[in-house]
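Below, each structure is written out as structure tokens.
Both complexes shown next keep chain A, but they swap its partner, so chain B is in the first and chain C is in the second.
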Partner chain A sequence: MFIASTAVLIVPVITTTEAKQSAWIVTFTFPVIFGYMVLWTVYKLGNRFPGLSIVQYSEIILGTFVGKTLGVLIALFWLFMNILVIEEYTDFLRITTLPLTPTSVLTTIIVLLSLYGARQGLEVIARSAQFTLPLFLLIFFVGLILTIPRLNLGWLLPVFEDGVIPVIRGSVVPSTWYGQVVVLVMLLPLVNKPVETKRKGVIVFAAVALFLTIDIVFVIATFGPELTSKLMFPLWSMFKYAGYRDFIQRLEVLGVFIWFTGIIIKTTTLDYLICQTTAQVLGLKDYRSVLYVLAFIQIPGSLIFFTNSIALKEFLGTYWPPIAILFELGIPIFLLIIAVIRKKRTGAVK
Partner chain B sequence: MRRKFSRVAVLVLACSLLLSTGCWDQKDVGNLAVLKIVTTDLITENGSDKWKVGALVMNPAGKKGGGDQAATEKPSMPEIPWIGTGLTMEEAVLDFANRSPRFPFFSHTNVIIMGERAAKERTKDIIEFFERFREARPTSFVMVTKGEAYNLTEMEPEVARTISEETNEMAERTVQPLGLSVGTPLAEFSAYLVSLDRDAVASRIKLVYPPEQRGEKRAGPAKSVIVEGLAVFSSGKLAGWFDREQTLGYMFITEKNTGEIRINMERNDKPFTYILTRSKPKIESKLVGDKLEVTLRINAEGSVYEASGLNLDADGIKEVEGIASQRIKGIVQNTVNKAQVYKSDCLGFTQNLHRWHVADWKRIKDNWRETFVTADVHIEVNAEVSDTGKLGEKF
Partner chain C sequence: MIKKLLYRALGFPKWQGPKGNTPPQRPKETHPLSANIDRNKQDLQQVFDHCADIVYRDIRINVNKPIKAFLVYAEHLIDSKVGNESILRALMSVSPEISIANAEIAEVINERLLTVMETKTTSDLLDLVNQVLKGGVALVLEGSSTAIICMVEGGPERAITEPTVEPGVRGPRDAFVEDYKTNLALIRRRLCSSRLKVEIFELGEITKTEVAIVYLKGIANDKIVEEVRKRISRIKIDVVQGGNVVEELIQDEPFSLFPLVQWTERPDKAASFLAEGRVDIIVNHSPLALIVPITFVTMLQAAEDYYNEAAFTTFIRLLRVAAVNITLLLPAIVVAVVSFHQELLPDKLFNTIATVRQGLPFPIFLEILFVELTFELLREAGIRLPRAIGQAISIVGGLVIGQAAVDAGFIGPLAVVTVSLTAIASFAIPNYSAGTALRILRLFLIVMSALLGGIGIGLGLMFILYYLNGLRSFGVPYLAPLAPWVPGDWKDTFVRVPWWAMLTRPRLWGAKEPVRQDLDQGARKPDEGESQQ
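Up next, the complex of A and B:
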């Protein structure tokens, strides 16, 4: 859910721009491998330091000062990611349904809601995810089924037109989405049964890969690779296109509704992570005190960084992946290697 | 914990609900002028190019159209025409929208009609505008008319309640089974318009003048429309037209047809009608040297009712099948020739090459339209007569 909520909207564009009609192959190959690498690293680290989060064990591995600096950087990464998510969504709303509503209002609503959720703690977030996931799936599949008459599977040919290279290039951006599983570096200590995380993670990857693959296959088969790469939100356009004769039409508003709940869960999780990270770096007793500060950063932050959707799209496609890959895979692997070399561990050897 | 969860859930739902009502974007139905059909034209006025945009706007119930309400019980016109001009399409819309106390609203636009000149010069601009535009729907049908499109705002429905319903239903339901044309929704049209290996077509709409009279008065409307034939595009510009028979050829090549497509044929100078119920094409393109070679196999199935004295026994049917195959082959050949004249590969030959022979496609990628023009097309038609109706023997 965390990964899919924003990915279904934007990924098809970015991947089809690179990989054209082979884009659907992208989602279940390289990004999954990337995501699994992240998961594996995170899991190994968690095994070495049971009950500790990345902030705490990076202090053990690298010493207090460097460890804390890293903690600050990680908090900033999450803050920035959150701002991007908020920005993506307000953009989406502005283009599709609410062009006249001031962006600041939309931003404020999302931020306040997610901060409230974050205040309630992790379990509440998880439960609301459980609650909305079936709705999300239901609407998604209703949309897909109603699109079936419009499909033209010929659009998916030829496969691998320009070889494998464009497919790999198209993988970079989705990889960063799969890599978001890195949130586990903070959450792992809080999970009931950490041992099961790896198996569950694999299931999640399989589900998300399937989800995104279906998404891209449908979008390309509906609009063709050329038009898909030009559209801003292909899935939304596809929902507009879906329908049966005159009496089932205009599903896109349902889509907006359900994506909105998805986004709230995502920003809530991120808010929670930022607060936890900051609190742990600063040694605060209660992470909630950070929440209030956060509101004052996020609302102006998302309003200032990007003023139009094209800039955001460009940023997500070109500048964001290196940063994301660094934080998602680079830092955990780096920590793991150092930990192995310096033989630091707190848990029992398994 | 349960209470907390339900509180969050309620809050999430409440806020989503708040947003679903529209906030600043709330629009009252009463405040909207719903544009059902939009026509776009390019005209020259005082030496400069201008857009002329026409629209048929839904006329809310209860408001009577001006004129002779007293004389007849005729209901008011459910859709009223508006026409405006401007340097951009948006300005042209404003030019008629400013006469109304309601906001123009495009979410119910069923049909987008382009005038001939606009289609020749600015198709991509028009379609891009509608693709970008938030309210426009990908299901609207794109049509092209000969001459100026705004003339069509005068048309009136014959059977349906409103003219927009009538054209929409024609495009969606009847033209294809009758073999008159194919409906081209905006999304499909734009997909082919930007495609790198295929050209687009759009249905053609034209004015007709129903002649029926009832005593002194006309029985139907003075002007109505039919959707028949296709407008053929080449590199995103209108290149020419397919008449009804060429359109039929196009349908044979590109679509799996089902319906009742009536095709006239001749045997010993006596005409009869072959009713095609099913046809299925198979295209195989390959590159031989630098020449595109296309093998086209069409399987058709149909029936004959109006036999004009033909003896429909086993031998007669064999003969009819032969005639039908020849006739369909002729129709298809004619379409291919015409498409080559227009330099428009709307038939999907190059697309087929691209899909199955990537290496060959890369060789002709830069001048694929020229390659298409010189293509050799071998047509094989196998038409069958599957039934001859309820009679076993001729009268």
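Up next, the complex of A and C:
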């Protein structure tokens, strides 16, 4: 399978799409460190077991039974994450643009579309991400530039007013976004230049961190911290503000549009991951057969779990971070430690 | 899976093709010629039973001892002038001094008497039959089991004319014709290099159509050439009607909305594609050369681009990108904005539209669909009709229906304006096949946007993006060089850089000899150039 090394490009799209609607991050340092740790662990594991995915090497490290159980758990984690993403997205659409459309219709269409993409394979997903990324950046920066006249930099001060603790607490949730580089545990064996991945990963991290920081600085400077924390989708509101005179207005449509492509690519990637993981656990030859089953789980899944955005936000803020951190950092580190102790490896020592 | 369903729908119980319905596999038969001339003639008459256009001509060759012989040919497939001059006269006015031993009759006649450029010898009757049907004159001799075939093809043929589908202002004025040999000559004339390789295949149980693969050795990627060769030799079919049959049998996807094989009627374009390392496929009786591999941006390139100034071409190319977007999106966006997102319009524009749309009976979606379908009907009718009546259609369609429908208040001018703009934009796309694909996708997007507004368009576009990214033309990703991102190949996509900057061949399909020309040959002012030397 020929996969451009640019599969890594999916990662920024995945990470930033989440961050769009949440301006209540006050920092970017801790999440970046967290994300880097995840990346490092994943990379080390990938180095130890070249050409194998987490499902395969966890079986080597922990034995077949425990390994397979872990594989199932990981598949469930992707599934749950995907349902969350779809839920967030339909929620956003329901509030902003399509108040009267039944959610089930939207969910169904999005799930079917992402399954179609997953069926096309990782390469197609990667290329689609590559295609949309420039557009994404372009629209984002146009939006930012047009907001400049409305900025009030005074809002950004004072720094560390309440000490460091709230900052750390605030960085828990964003950490999980950065931690989503963990998708590489499945993707790494498919990337055709794994050695470059680490370097590229670092670059991607820097880019994403920069991106998010700019985002937050702009949002807070536009609305002030008080208002920002109360807005549901601050960046969207900010794009609403952006404009030049009378003829460039309502940029939030473009914003929604481009954010939306990111979300679709993200759910597609997750779908792909679920299918791959399941297929590897079950020892199936073709991951595509899992796709059809997946459709029946996901559509009702995302309709039943959360009925309103308050519940969703509550869940995302309270219960999700521990789970995410466990799967993103905990399991890979655990595997790495066991692998080091039991001296398991398939690749040559570098 | 779709393939399976389609085969089911066509009435085959299994898609592999059931036992009773497989095409007859005829083994390659042979039937040796005998030394007895009368026996040969009888055999031939039996094969060509009821073939009124096959002519037999008995002659006698007066060498030291006269030899009985006869010519057999298809009446209208040969050039009778050359036949008279070079075969009949050559054979019938020989001096009797030439002595021929019995064993080498065919050889001596072939080498010393026949004044025809291309001859073949065969000792197989069925091979002889095939050659006669391809425009050969077969000479069957008494006492020899070898026949000589003189290739003097002729007969009705169309002259080289100006390109009609891809006309240009500054480029050359010749276009391909139906005869593949002429077409090969037109390409060979442009690329005077022994590296231009031509491989000829014969396809079709009945048609025996020649299909030529043309490529530049050392520049085209060997893997792609091999792949083309493989795919073409895999074809087992009864009739090759035209290039399209070959196209559909060799492309990567069984059901592709977008063309995965480019076609052109311009030899200069075909030649320049060869020089980029692509492969041309020339099918006999088809005035179009097929080109592989291609990408989506090939659809936006016209031959004329390379004869115009670089800056102007860049402008035109950007215009075409806009045209693609308008063709694909404009009606969908209008539907979405008018029926879902009115708040996106500036106040004044909103007022204008609201005033115009007052009292209209149908929603904008139906209006646009109606006008769109009317337009497609007009276009279809216009293609089929003789040119003289075609004019009337455009008047009735454009003026009467358009104007009257708006005046009567069935449809609003907004829909008419939208569809007209879309139509004009769709004509600005150089590739006809790509245009048809976009037309279908446009209808899809209109429906999507009527269902879900702007989000529907977005979902539709994502679907198209996934779809396009999944396509490949002979292994080359369809959206390259955009995705995968190959900045080096951007010089000839949305922009066209001047020739001095076209330093490398496209890298996508691994063309060998990547460098095209010397560095820094750009235009310079006379004194500067001298001072640098």
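Quick notes
Here, the second predicted complex is superposed on the first by the 323 of 350 C-alpha atoms of A that agree within 3 Å, B and C clash if a C-alpha of one lies under 4 Å from a C-alpha of the other, contacts with A are read in each partner's own complex, and residues count from 1 in each chain.
Here, a residue touches a chain if its C-beta (ideal position, glycine included) is under 8 Å from a C-beta of that chain, and two chains touch if they have at least 3 such contacts.
On a predicted model such as this, the values are computed, not experimentally measured, just so you know.
When both complexes are superposed on chain A, chain B and chain C occupy overlapping space and clash. Of the two partner chains placed around the shared chain by superposition, neither chain B nor chain C is touched by A:Leu210. Taking chain A as the reference, the larger set of touched residues comes from B, when chain B and chain C are compared.
In the superposition on chain A, no contact is made by A:Ala311 with either chain B or chain C. When the two structures are aligned on the shared chain, A:Pro102 is found in touch with chain B, with no touch to chain C. Residue contacts after overlaying the shared chain place A:Phe260 against chain B and chain C alike. In the superposition on chain A, contact of A:Leu113 is made with both chain B and chain C. In the superposed pair of complexes, A:Ile148 makes contact with neither chain B nor chain C. In the superposition on chain A, A:Phe131 makes contact with both chain B and chain C. Residues 93, 97-98, 101, 105-106, 109, 113, 116-117, 120, 123-124, 127-128, 131-132, 249, 253, 256-257, 260-261, 264 of chain A lie at the contact with chain B in one complex and at the contact with chain C in the other. Across the interface of their complex, chain A is touched by residues 340-341, 343-344, 346, 452-455, 458-459, 461-463, 465-467, 469-470, 477, 479, 482-485 of chain C. Looking at the complex, you find that chain A touches chain C at residues 4, 6, 93, 97-98, 101, 105-106, 109-110, 113, 116-117, 120-121, 123-125, 127-128, 130-132, 246-247, 249-250, 253, 256-257, 260-261, 264, 268.
Residues of chain B touching chain A in their complex: 1, 4-5, 7-9, 11-12, 15-16, 18-20, 22-25, 131, 134, 137-139, 185, 187, 190-192, 194-196, 351, 354-356, 358.
Every residue of chain A that touches chain B in the complex is listed here, in rising order: 93, 95-102, 105-106, 109, 113, 116-117, 120, 123-124, 127-128, 131-132, 150, 154-155, 157-158, 161, 222-224, 226-227, 230-231, 237, 240-241, 243, 249, 253, 256-257, 260-261, 264.
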